[in-house]
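Shared chain: subunit A. Partners: subunit B in the first complex, subunit C in the second.
Presenting the complex of A and B:
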C-alpha cells in the first residue's frame, strides 16, 4: 500500500516537470519563431550534451547522499591536460583522450577516498579541491603554452562534433547511450537498488551487509570518469582546452539534477527525472539567449532558478508531511 | 548535574582547554613565519607586516560573522558575493552627484545591504527550509551576477575620509582596520559567551533536538546568525572598497574558501556547536600571511588559491578526526 502511494507521487512529479517543459517550449516559440527552427534545436541539443552527461554522473552519486561540485574545474584541468598532451607533446589522439578520462577518474577517486575515509562533508571538501584543480589547470596551461586556453583542433573531434546521423548531432548519441545505461543500472540491477538503499538509510544499508564506503568511493570514481567524458566532449565541441570554461557548468548542472527530483537527503531520483531536469534548464537558458537577454543576467537567473527549484520541493515536501 | 552541564559548556567555549587547536596553530604560525622570512627577509619588514595586517583584517572580520553561522551547524558561502555587492553600492553612492554623501550614510548603506542579503539567506534557510549550502550557493550566483551587472565599470572613490577609513593608521603603525577587527571580535566574543543569544547559538549547533526541547527558538537564532554574517561581509565590502578606493564586480570572488578555511582552521567545528573566536585570530593571521609570503617567495599567483584549498582540506580533515574521536569517547 505504502509502495503504491509513493509510486503515484513520483508519477505526478514527472508529469508536472513534463508540463513545465511543454509550457516553456510553447512560450519561447511563441515569443520567437527562431526558437523552434531546426538549427536552434540542434544547437540547443548539442549544448545540452555536456550538462546532461555531467548531470547523469551526479545522479547515482547524489542518490547515495554524495555530492561533488569540483567537476567543473576538473573538466577545465582535463581539457587543458589533453590539449597540452596533444599539441605540445604530439601524443596520439586516442591515447590523449584516454589519459584525460583517467586523470578525471583519479580526481574522483581522491575526492571519494578523502570524503569516505575521513567522513568529510562532500560539498566542503570539493569546494577545496575546486580551488586546487583550478590552480592546476591555470598553471599547466601557462607553463606549457603561456596562454590560458589552448587550441586543440583535430579532424576526428571536429567530425564528431559537427556531423549528424539521422539528422541528430553525433554528440547527442553519447548522451542517449549514457541515459540508457544509467536507467538500466539504477532500475534493473542489484547495484542500482544498493545505491537507493544507501541513500535512503546508510545505517540500514550497512547492517544489510552493504559495503557503504566502498560503493560510494566507486560512485565518486564513476563521477570522475563521467567528468572525463565531459572533458572530451568539451574539447570536441569547443576545439579548445580552456582553463576557465568548466567552472561555469556547475550551477546549471546542479540545478538540472535537483530539478529532476533528486533530494539532497538522498534516496530519491532517477535517470529519466534528471533528463527532464536537464531539458528544462537547457530550454530556459537557450530561450533566454534567443530572447537576447544579456549574459550578465544569465548567472543571476541560474542562482534564482536553483533557489526556486529547491524551495518548491521543500514546500511540497512539507505539505506532504502535514497531510 | 546542573553544575556538570555548566562545566561542560564552559569547557566547550574555553579557548585554552585541552581540546583546543590554538596552541598547535601558534606553533604552525611561528614555523611559517620562520620559513617565509628565511626565503625572503622582506617578509618580516615593518612595511610588509603593516600591509599584511591591513589586508587580513577584512577576512578576519568576515570570519567572525561566518563563525556564528557555522556554530549553528549551517554554512554561508555567499559572503564573497555580499562583499562585492556592498563594495559596489558604497562606491556608486560616491558617484551619484556632485556633493558627497555623508560618511555615516554610506557606511550604513553598506551594512544594510549586507544585512538585507543575510536576511534573504536566513529567510530561505529557516522559513522555506532549504539546505543552507544550496541556498547560499544560489545567492552566491545571484549577487555575483548583480555585482557584475552594476560593476562592469570600475567605480572610483575620491572622498578622502572614506579612503582614510580603510588605509589609515593610528599610533603611526597600527592599521585602523586592525582596530575594527579587534572591536568586532571582542564584541562577538562577549555576545557568544555571555548572552542568552550566544548560548542559544551553541545550543542549536550542538544538539538541535535538545535545543528545541529546551525552548530555544531555532529559527530565530539561525536567522540572526545569517544576518550577522551578512553584516560582517557588508563591512568587508566597505573596507575593501575604501582600501582600494574603487570597486569592481569581481570584488570578493573566491573569498568563500578563504573565510571558510579561516573558520575551520580556527577550530570551529563543521558539525556545529564547538569552537571559539580565539582560534579565529590565529587562523586569520595564518591565512592572511600565506598569500603574502607566497608572493614574496616568487610562487606564481595561480597557486595561491590552491594553497587556500589545501589548507581548507587539511583543516576539515583534522576537524573530522576530532569529531570522530569525541564520538568514540562518548560511546
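Presenting the complex of A and C:
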C-alpha cells in the first residue's frame, strides 16, 4: 500500500513541475506578448543550453551523493585557456576545443580523486577548487593578453551558434542529444542502476561488490567532461573566453537540478526531472528580463527561489514520512 | 545491607512492538541500597524494560512507582528528575572536553557575578571522585581516559546529578580485570550511599560477586526473582535459557561434502587473533561469543569490508586475497550483515532492485539493464522465499524486519553464493520469520551451500548448526560438534 502511495507521489511530482512550467509560460505571455515571440523563444532556448548541459552533468553525480560547485569557474578557466591557445598561440581550432574539454575533465578527475581518496565533503572541496580555478583563469588571461576577456571569433563557432536546423538553434541539438544519452544511461543501463544504488546507500552498494569510489570518481570526471563541453558552448555563444564567464552559472544550474527532484541526500532524480527544472528556471529568468526587471532583482529572486525549492522539498518529504 | 525502603517499583509492564510482545506483564522492584542483577538472553526484554524506565519508550500498560509516587507518563525528563540514570554500553561522554566539564555538563556552577566558577567545580568534582575512591584528575581530557575510567566519570556525573537509581548496561564488557575490581568497589560505595543499582550482565561470575538479588527475563516475561545467595549458577542459566528450543526446529540430516572454505591464522588488529577453521558443503558452522569477542569483525574481514592484518583465506583450496567485498562476492561468498537497515538493504529502492543488487551484471547482455530479466529473477525469489509484500515493486523500507531479512537473503541467493556469511540472521525479527530463515538455511545446505553464522542466541545455534566455534577476546577458545555440547558449556567457555 505504501508503495502505491509513493509511486503516485512521484508522478504528481513531475506533474506539479509541468503545471508550474505551463502556468509560468502562460503568465509571462499574458503580461508581455513579446515573451512568446519566436525570437525570444529561440534566445531563451539557446540560453538554456548551457544551464541544461551542466545540470545534466550534475544529475548522475548528485544521484550518487556527489557534488561539484566549481564547474562555473572551471568553464571560466577552460574558455580562457581555449581563447589563449587559439588567438595567442594560433593552435588549430579543433585541437583547441579538445584540449579545453580535456582540461575540464582533468579538473573533474582531481576533484573526484581528492574527495573520494580523503573522504572530503564535496561542497567544501569544490569551494576550494572554485577559488583556485578562478584565480588561474585570471592569471592565465592576464599573463598572455593583459586583459580578462579574450575575443575568440571563428567562422565555425559563429555558424554553430547562429544557424538553425528545422527552425531549432544548432546548440540546442547538443542539449537534446545529451538529454537522450543521460536518460538512457540512468534508466536503461546497469551502470545507471549502480549510480542509484550508491545514492540510496553507499555502504550497501559497497557490500554488493560495487567499487563505490571508482564509480564516483568516474562521475566526477564525467562532470568535468560535460563542463568542458559547457566551456566550448560558452565560447561559441559569446565569442569570448572570459575569466568571469562561468561563475554566474552555478546558482541557476543548482536551482534547476534541485527543482528537478534531485536531493542532496542522493538516490533520487532523473534526466527528465532535471530537464523540467532547467526549463522552469530558464522561463522565470527570461520572463523577468523580458519584463525589464533589473538584473540585481533577478539575482535577488534567484537566491530566494533556491531557498524556496529546497524548503518545499524538505517540507514535502516530512509529510510523506508522516503518512 | 539492602534497606527495606522501596526506591522504585515497576508492575504489570507490557510493551508491544509490531509483531513482537517485547514485555509481558513484567514487575520489578528495587530497594534502597540494593544491587539488582537483570539477566536474560538477547531479545529477552532487558533493554526494553530499561528504556521504559529511562523514558525512551512510552509506558503503554503497567505502573511505575518511584519513591512512593506513581508516574503515569514517564518522559526522559521526568525520569532524570526522579533520579534515574542509565549508563549505556556505548558511553555518551563528550570526548574532547575535560572530566570536570563532563561531570558538570548542562549545569555549570557560577559565582556571584554570574561567571563560571571553575574553582568550585574543580573542588566538587574532586570530592565526588575521591568519594568513589578514584584518583582521576578532573582537568584530564575525557579522550585520554580508559574505558573503565570513563565509566567512573559517568557514575560521578550521575551522582552529581543526585542519582537515586543507576542502571548499568554490561558495564564490564570492555574492562580489564583491574578495572572491573575498581568498578566493583565504586558500585559498593554507591550501595553504602543508599543508591539503588540495576546491573545488567551476561557474565555469571559478576552476578554472584556483586549483586544482592537477580531478576531473570525470558521472552518478555519475568521468570525468576531470587536473592543471589539463595541461588546458583546452574539454576540461573536454566532460568535464562528455559525451554529446549532445539526441538522446535528439527535439524535435518544433510550430507556433508568436501571442504569449500578455509581460514588460516586470520588476524585483524587486536580484534581477531589467529583464527583458523574450515567449512564443508552442506554444513552450518556457528560462531558464538559475547560482546567484544571478535565474531562480527571476523565476518567483516572475511568478506573484505575490513582488511585483514595477516592470515589466509581459501575457497575450494585456492587462496583468495579479499581486499574488497567485490572479490569476496566473485569468489562465491555472500554476506548478510548484522544491521540490515544500514548495510543490508537500500531502503528507498524497491524489492526487485534490492534482490538483484549484487547481481546487476547478470541482468541482460552487455551494459544494458534488461528489466524483464530482472523482473523474472526477482519474482522467482519473491515467491520462493514467500516474501510478504504487495509486489516486487514495493519499497524495501516499508517491509517488516523478517521480510526485509528475506530480501537480503534473496540478494545472495540471486548471486548464487556458495558460502553464506550470516551475521545475527534473526536479530529483531518475529518468531515466524525466524523459523523460515532457518528453513532457508537448511534448504541451501541441501544444495551444497556452506553457511557460516554468528549468533548471540544459543538456542538458535544449538538448533541449526552442525558445529559451534566459541570465541573470546578475538581468539577461538573452543570448537564443538553441536549435538555434543549444551548451552551451559558454551556460555561458560564464552564468559570464563
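What we mean here is this: the second predicted complex is superposed on the first by the 317 of 323 C-alpha atoms of A that agree within 3 Å, B and C clash if a C-alpha of one lies under 4 Å from a C-alpha of the other, contacts with A are read in each partner's own complex, and residues count from 1 in each chain.
The rule is simple: contacts are C-beta pairs under 8 Å (C-beta built on N, C-alpha and C of every residue); 3 or more make two chains touch, one makes a residue touch a chain.
These numbers were taken from a predicted model, which means no experiment stands behind them.
Of the two partner chains placed by the overlay, only subunit C lies in contact with A:268; subunit B stays clear of it. Set against each other, subunit B and subunit C differ in how many residues of subunit A they touch, and the higher count belongs to B. By the touch criterion defined above, A:196 reaches subunit C but does not reach subunit B.
In the superposed pair of complexes, A:204 makes contact with subunit C only, with no contact to subunit B. Residue contacts after overlaying the shared chain place A:31 against neither subunit B nor subunit C. Shared-chain residue A:121: touches subunit B; no touch with subunit C.
Of the two partner chains, subunit C is the only one touched by A:188; subunit B is not. Residue contacts after overlaying the shared chain place A:41 against neither subunit B nor subunit C. Residue contacts after overlaying the shared chain place A:139 against subunit B, while subunit C stays out of touching range. Partner subunit A is touched in their complex by these residues of subunit C: 303, 305, 324-326, 328-330, 335, 337, 342-350, 353, 357-358, 360-361, 363-364, 367-369, 390-391, 393-395, 398, 411. Those residues of subunit A that touch subunit C in the shared complex are 1-4, 6-7, 188-194, 196-197, 200-201, 203-211, 267-268. Note for the complex: subunit A touches subunit B at residues 69, 114, 118-121, 123-125, 127-132, 134-136, 138-139, 142, 251, 254, 258, 264, 296-304, 306-307, 310-311, 314-315, 318. Listing the residues of subunit B that touch subunit A in their complex gives 75, 77, 124, 128-131, 133-135, 137-146, 148-149, 152, 254, 256-257, 260-261, 270, 300, 302-306, 308-310, 312-313, 316-317, 320-321, 323-324.
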